[in-house]
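What follows is chain A paired twice: with chain B in the first complex and chain C in the second.
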Partner chain A sequence: MPSLAELQDGFAAAVRRPEPDPPRGITGRGDAGAGRRFGVYRNNHLAGLAGALEMTFPVVRKLVGEEFFRAAAMDYVRRHPPRSPVLLLYGERFGDLLDELPAAGRYPYLGDVARLEWSRIFALNARDTAPAEIRLLSGIPEPELPGTRLILHPSVRTLASRWPVLAVWQDCQPGGGRAKIDMERPERLLVVRPDTEVVTHRLDGGSYAFIRSLARGAALGEAAEHAMAEEPGLDLSAQLVLLFNYGTVAGIAPAAVNKIPPDQKGTPS
Partner chain B sequence: MTTGLPPNAGVCLKAEHYEQALAPERVPAWFEVHAENYMGDGGPAHLWLDRARARVPLSIHGVGLSIGSAAGPDPDHLERLCRVVRRFEPAAVSEHLAWSTHEGLFFNDLLPLPYDDETLGRVADHVDLVQNRLGRQILLENPSSYLRFDRDEYPEVEFLAEISRRSGCGLLLDVNNVHVSATNLGDSAEAYLDAFPLDRVGEIHLAGHAVETDTDGRPLLIDTHDREVCDAVWKLYEHTVLRTGPVPTLIEWDARIPEWSVLVRQAELADRCMDEAGTRPPHAVTG
Partner chain C sequence: MSKRTSVVSGTMLAGAVALAVSSALAPLPASAGSKEKCFGIALAGKNGCGVGGGTTCAGTSTVDYQGNAWKVVPKGECVKYGVEEDNPEFELPGDRVGSLTALDRDLPES
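Right, the complex of A and B next:
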């Protein structure tokens, strides 16, 4: 007789197989075949996880409709089953799958809408941290400012899209659906949860370059250079006020951890 | 056996209902939440749960520990459960007689176990491990069954009773699961309940299920938790509490979440059954 571990190997593999091929050693009721009954587990696995994705991506679901969404979600579950029983952040790569789906051609922005929805879920579940106030910088002598590194708020995510994804997202919220959206307009977004509410802000090119640079671990001076390269004539003190007002900054990196290796991974855009 | 939960009806606390469920005038006697929904780094859900437990006792119900895995529960996940239990100090902690993770992959379903000596030894050891790590007793829940293993050596009731005896854990009796399993496998739900070690029961679950048919045209019940408790399950519940007296009883509802008032009415029905089954003190609500 196989061990419990071997039995579970076979059972788990059968749950993951697409075709109705139950493992050996199980019985339904009496002499009846176990296939239909075993199918309950396969369906619970697929439909349950597809349901979890539906909770995370309600706007994608609204845009494409129930049937299309379920098919895409089940495809995702087959390709990227969860590695953790905590499903709060499940679906990080759902946008990538939507990008690849040929049938999603009518909605080329779908992948970015999914990335925005996931970013908002990420921010919602991030560590609770009080944002820092801008007077934090007043204690730093001016010559030291360019070498100062900011610690961004743990909820911060950024997203650059060729499409007006925030406008699409807003249009799908209750009470939306009336705005006429210029689909040719790209958007750069900042998602942050300074308190209990997740907020999405539109950024201009300079602000976006500034915050992306800071997220990668650049000091203020270097981040400012990036931002100026993107948008010459940018008002840097106004940028700092904006960052702090949005609750994007959690603190100043202590001198000891200022040396961040060059391959430090920032928030993906 | 008793936990810190009051012998009244409790309601599962879902994000959709935070505000209504914690409205100042009237809150249910206790709340249950899924442990995994509070394992994020932070967020408003944690604040709501703080508010809830400041007023009534909590039950933390795990759905992902995979106690029945041959390899045992994932130490990282046990650590996460430990953190949730430390932070929210629930009156009861429960998990399932099932497995849900295999080779690092989470199935998000309660997969069935063969009831033989090897499984018995492993599950009792795993429950022991979990109780030692948490520093407290847990309740283990009977599953919904859709099939049997040819190698089964024990009826489920005996299997659960023996795990409880060896590990010292309490039992969570899900009456809907009893009805679902009995219907699906052609057994008697009444006989199951009559044989159940009711003195080990610290909590009861009630829920709704979907009715489908198998390839032979016989009813196949699916444990969906997406509708009201059916009449047959209410009858089994009455039958049970007549023997146990009032027991903390949860109305479970995890999909197609209804209006808050629907859950409250289901909880009132459970309370009424308990009123007829025995006396109990009125529950205290603070705040």
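Right, the complex of A and C next:
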């Protein structure tokens, strides 16, 4: 006779297995055998999680249709069962699965559309923080500026796609018409939720490189260099305005603030 | 000192910051808001994320219509919850109504 914990573990593991046998110790009453009864749990598990994915990826669902979506979603549930009881962020790698599907060859942008949808859900559920204003930077002494690290807003996500995924996404929104979309146009995107609404911005190469560098933890000087390498002749002040206007920055990393006036190599008088 | 010559100097950055600050003097009103937070209407596990002591984080409410958990709704619609119940979207069980501030009803037992 298994203990209750063993019974529960076995039950949970069997719910995730595709084969029909119920776990040991589970019996059914009446005509319907334990196998058929257990199948109800297995099906509810699968359908519930596939339903969660459907709520997170409405645009992908709209693009591929109900049947294709359910099949892909169930495939995902089997391969990547949730690791958290909170399903709001379930489906982070759904885009990867869509990339690999043979049928996705005709819709190579599906994976990126899924990544955009997930990024928006991520931003929606990220911690609330008021964005910083740009005057935060004016208090920093000039020699400290290049080494200053910014803390990006917790909702920030970036996405570079070979496809115009935001255009596709917009066209699939309620009221979105059948826009003529040039599918050869790549897009670089920033997703952020400075206040209560998630916003997706298109970025040019310089801005994208700038924000990506900052997100990877580069200091202001290094990030500016990356941006200028990407786009020579870049207007640095315009980049800063954009960065702060979009609500991308939450603050300055403390290390940079703390070492404000070490008397470096004596100022020549 | 590092041998690496930086193309972006402190002076350059300071200039860019000064210019940016002066051109950004009128900050955008933080997306003047077509949405609002509404307390007491979210189903368990479907709330948004707050911050600070005693508040909840995304998906962590454990009780339906938990009073200190919120969800974002279009501006002006929060007060319709539990009031304009002809519209099934605004229906709440019992005499509950949506609130723009946290409520002390439907709190999980601690």
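Descriptive notes on the structure:
Everything that follows uses one rule, which is that the second predicted complex is superposed on the first by the 246 of 269 C-alpha atoms of A that agree within 3 Å, B and C clash if a C-alpha of one lies under 4 Å from a C-alpha of the other, contacts with A are read in each partner's own complex, and residues count from 1 in each chain.
By our rule, a contact is a pair of C-beta atoms (placed from the backbone, for glycine too) under 8 Å apart; a residue touches a chain by one contact, two chains touch by 3 or more.
In this text the structure is predicted, and so the values were computed from the model without any measurement.
In this superposed model built on chain A, chain B and chain C take up the same space, so to speak, and clash.
By the touch criterion defined above, A:Tyr41 lies against chain B but remains apart from chain C after alignment on the C-alpha atoms of chain A. Once the two complexes are laid over each other on the shared chain, residue contacts for A:Leu49 go to chain B alone; chain C is not touched. Looking at the shared chain after the overlay, A:Leu220 reaches chain C, while chain B stays out of its contact range.
Once the two complexes are laid over each other on the shared chain, residue contacts for A:Ala126 go to chain B and to chain C alike.
Of the two partner chains placed by superposition, only chain B is touched by A:Arg29; chain C is not. Look at A:Leu7: by the touch rule set out above, it reaches chain B but stays clear of chain C.
Legend: residue contacts after superposition of the two complexes on their common chain; A:Pro102 is shown touching neither chain B nor chain C. Of the two partner chains, chain B and chain C are each touched by A:Thr196. Using the contact criterion defined above for the overlaid structures, shared-chain residue A:Leu145 touches chain C, although it does not reach chain B.
Note: residues 86-89, 124-129, 196 of chain A belong to the chain B contact set and to the chain C contact set alike, using the contact criterion stated above.
Contact residues of chain B toward chain A in the complex are 36-37, 39-47, 63-66, 69-71, 74, 77, 80, 99-109, 111-114, 118-119, 122, 146-151, 184-186, 214-216, 218, 220, 222, 255.
Those residues of chain A that touch chain C in the complex are listed here as 86-89, 124-131, 133-135, 137-138, 140, 142-146, 194-197, 199, 220-221, 224-225, 228, 236-241, 244-245, 247.
Residue ranges of chain C in contact with chain A, taken from their complex: 6-21, 23-24, 27-28, 30-31, 33-37, 45-46, 48-51, 57-60, 72.
Residues 1, 3-5, 7-9, 11-12, 15-16, 25-30, 32-38, 40-41, 44-45, 48-49, 51-52, 81-89, 124-129, 154, 193, 196 of chain A are the ones touching chain B in the complex.
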